[in-house]
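To start, the structure under review is shown below, and the notes come after it.
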């Protein structure tokens, strides 16, 4: 059963001063599905996520957010926080929603608890450890209850336990109908959670397959080498 | 020089027997400069922040013009206000010339570019850092500006102090639109000017030193308020 | 002392603004062979700066202070060179109904009686002192003036005139400044009568014994030039808007 | 107002028939202000950067004092220099009073606190960001300062322009130590002052507008130089 | 054969406003050895590295850098670069050494080549992808030819190939006598390269073992749970 299309890219490309970072790309993302983007450093994964999330505008082509799926949030590899406490950073995000102050605090605290971060509520967010920051960034994204959640290397700095927590959350995401688009370098992780893999290299999509196919029978030589760790 | 320092000691003595006239003058100086700072801040900071965060047709030119207006001579600001408020001017009927209101208007015009240009720079630097976050959260332009101003408030304090310094030290504009009228528009700086033209250089110097002490106390106060606030929140040490 | 150092002649603002110095100084330089640099301030500041040794010769118009300056030994010689006069200007509507033919004291009396608006420089300048002399001669105490009508500006002549134009108000000014002043608005000369309005300018040579960099010989050359008939004729012939402005004192 | 604009047109005409005297005055204004800016920058920026990067006993107090000195009235700066350079003062033998050098000294003193305080703030913000890098590389204090100044040069430009604005618009100090001597120490602002006291308000206004245009051209020039430089390096777009 | 001691910590502890981040710790690091620090997010790994590298000063206790081993460099999880090009960032580091300009450029370009970064020489460093930044950070650290190299999650954002490159470099490090102290969340990586494991939790060192022992027979229940991914 195919779900509705939440986001479409048609002929999207992106260039910066130094050249082209993404070649003409046409793609659909279906509601509630988990897509993992794989590829070497500098392949264009982050650029692709940023384009979808609307952080950067394509040099050419169109990105269509389909009705009912316009709420999106993103976890960055280098999360940015305001010079405030952890709790205040959470509340800041909630200010966009229609809630009274005590409700916001309650929601924020509950969210912190879920990722074992409640004891940091009053710590300055910018002084947390790398893993704590990444957790916080995830919590912040979830507060927005996004239809589409972009995850850019979200477990790069997480310990094994927190990584599992995040992966569980992603798997549960199906029930919440959240569309998840994630870039990672952890092949095992991709295997565990992805329903679909997009393999990208040098700004071009080389392959789009379901996860089992991708790992068992990569269609391209590049993907094959990458999976076997034989890049270059 | 020995004679000079004698005069100086005399002047200081004269001053420290703080008489009512002096208190009145100090009060007016503070009132005019702080009100002007307040008004200019109210307009200058948002405009600075707007220019820092938005590119729009002409924003580049506006930037350059505001930078240039930091070089607006006080007397020219004064003259402009004079021409507006004088009886033959468009706002003549208000009868504001040679009142403290006129001085406040002139000083506000004078320090507005300083506040706008310098806050633009500081907010722009911070905006570069936070840009992805704001865009990801789809924050509105006005909220972005409010957030940036709040986050950079410690740095902006130095900008406010620069504006206050300019206002409180300024004499050209207040002289023209205020007129240094005794018991009405006489400020510290116009008094200093007057004593200089009388040749009372030591008295002028002593008055100048009082003015500096005034600026110093305001700075000290702000410093302590800031520290207190940081302590009470415990969280505003930047990385 | 340094022979190549230009002579500093410090003068009150009016003498320069009227254009007198522009004709006087080149001739002075030519006749004495000295290089002269002109600095202009109000009388008070001129006297002070001269006392500090920053001038060789000064040209001012406050006889009382000048005599004081001389008697304290700051100057060697005082020479009255020229005079013009003070005038009472005021709004053309003339609320105090001042008559051009009455004496200046009676004019001041009317201003006081009618409680008309009056602007005083209040800066202890020559003009301010002259104004005080007239109030005294009229037997009036300015402290009895209502504060809002006796406006003390503490500013120079031009700036005080600007304020008088705006109010509008009566004000005492020297004729030279009045003639050079462009922003006259609705003000006009209402009275110029009487000895009390005389405005005498003098040159003083700063005491070179107090300031070794000053050349006494150069000073003497200049003072002698001011005593000469040549300087007097220049002053007499000087016209401002086709009016003679200064009268040499012999 | 109709009358005022008439005068205004006249003044503009006067300006565009640029005569030699006016050119001389403009030249001196630029020379004095730019030289003062250069000197004050030479001292102010390193001191600002030092205060931004080092805590030492008294650095806090020094900060407050420098902030307060942004409120130093120009006439007081002028008086101070007068007392130093006057024939009866300690540096009297130099005979510098009523020369352009005296004006440069007074303006340098006046704008030094502005440059130091504002650059301190900007460099401090950047230093917070780079601190770990510098400490990891065990960079010397002096190299740290040089790096920070270089890295923040675009932001510091606004500070320099603020300093230049203050210098070029300033009249109190140059009047006292320069004396508005024709062909020698007459600047734009002292001319404006003189015209106002002559009641030539429109001419004063016109001169003020020329001064603003001057400031505007300097700003434009700097803007283009900066853009050119950025283009040629292609790399200075901040994140 | 035990090599010389390069760095000693005696009774070192570190506190910040929010409490203690490292409890009294006594430790030695031997020249040329590779130590991996493991532990959950917020355990105190980065604090320990920063203390050793001298970025922060201990609240109590002493850190002794032994003679001949004082040159150290660090790779941060969030590398900081100057607002300059990649090449200029490299040259900036070399400015501390005694070299002429052409030599510096040559050395920097060679180093970039080693990690396949030469094509980025003229790119602004701050606009690189997350993995490219991390490589650059490593290259920069290596330029200093440190006696002790601190690596804080150095492969978190690297693709498999680059990760292997780094690990090879670490293994080669022995020949160069470089002492390596590394924090990571990748247990497989720890297994591959560590000679010694330090396990830390809540600011306290729970266990110091050689690698084989640590993974086969963890001495503490905490380490055992961590290895099995059963944290909390």
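A, B, C, D and E are the chain letters, set down in written order, and residue numbers restart from 1 in every chain.
Throughout what follows, a residue touches a chain if its C-beta (ideal position, glycine included) is under 8 Å from a C-beta of that chain, and two chains touch if they have at least 3 such contacts.
Not measured: the values here are computed from a predicted model.
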A-B or B-C - the one linked by more C-beta pairs in contact: B-C
Distance between chain centroids, defined by C-alpha means - chain C, chain D (Å): 36
Intercentroid distance (Cα basis), chain D paired with chain A, Å: 50
Intercentroid distance (Cα basis), chain C paired with chain A, Å: 83
Residue numbers of chain B (touch at least two other chains): 88, 129, 176, 193, 196, 201, 234, 238-239
Multi-chain contact residues (two or more partners), chain C: 41, 49, 156, 159, 162
Chain A residues counted as touching two or more neighbouring chains: 123, 127
All touching chain pairs, where touch follows the definition stated at the start: A-B, A-E, B-C, B-D, C-D, D-E
Sites on chain D touched by chain E in the complex: 129-130, 132-133, 135-139, 143, 147, 151, 233-239
Residue ranges of chain E in contact with chain D within the complex: 53-55, 73-74, 76, 80-85, 92-93, 95-96, 122-124, 126-127, 144
Footprint of chain C on chain D - complex, ascending: 86-89, 92-93, 95, 97-98, 179-182, 184, 194, 196-201
Of all residues in chain D, those that touch chain B in their complex: 1, 3-4, 60, 64-65, 67-76, 79-80, 82-83, 88-90, 113-114, 117-118, 120-122, 124-126, 128-129, 131, 155, 158-159, 161-162, 164-166, 168-172, 176, 188-189, 192-193, 196, 201, 204-205, 208-209, 211-212, 214-216, 218-220, 223, 238-239
Partner chain D, residues of chain C touching it in the complex: 2, 5, 8, 13, 17, 37-41, 49, 52-54, 156-159, 161-162, 180-184, 211, 213
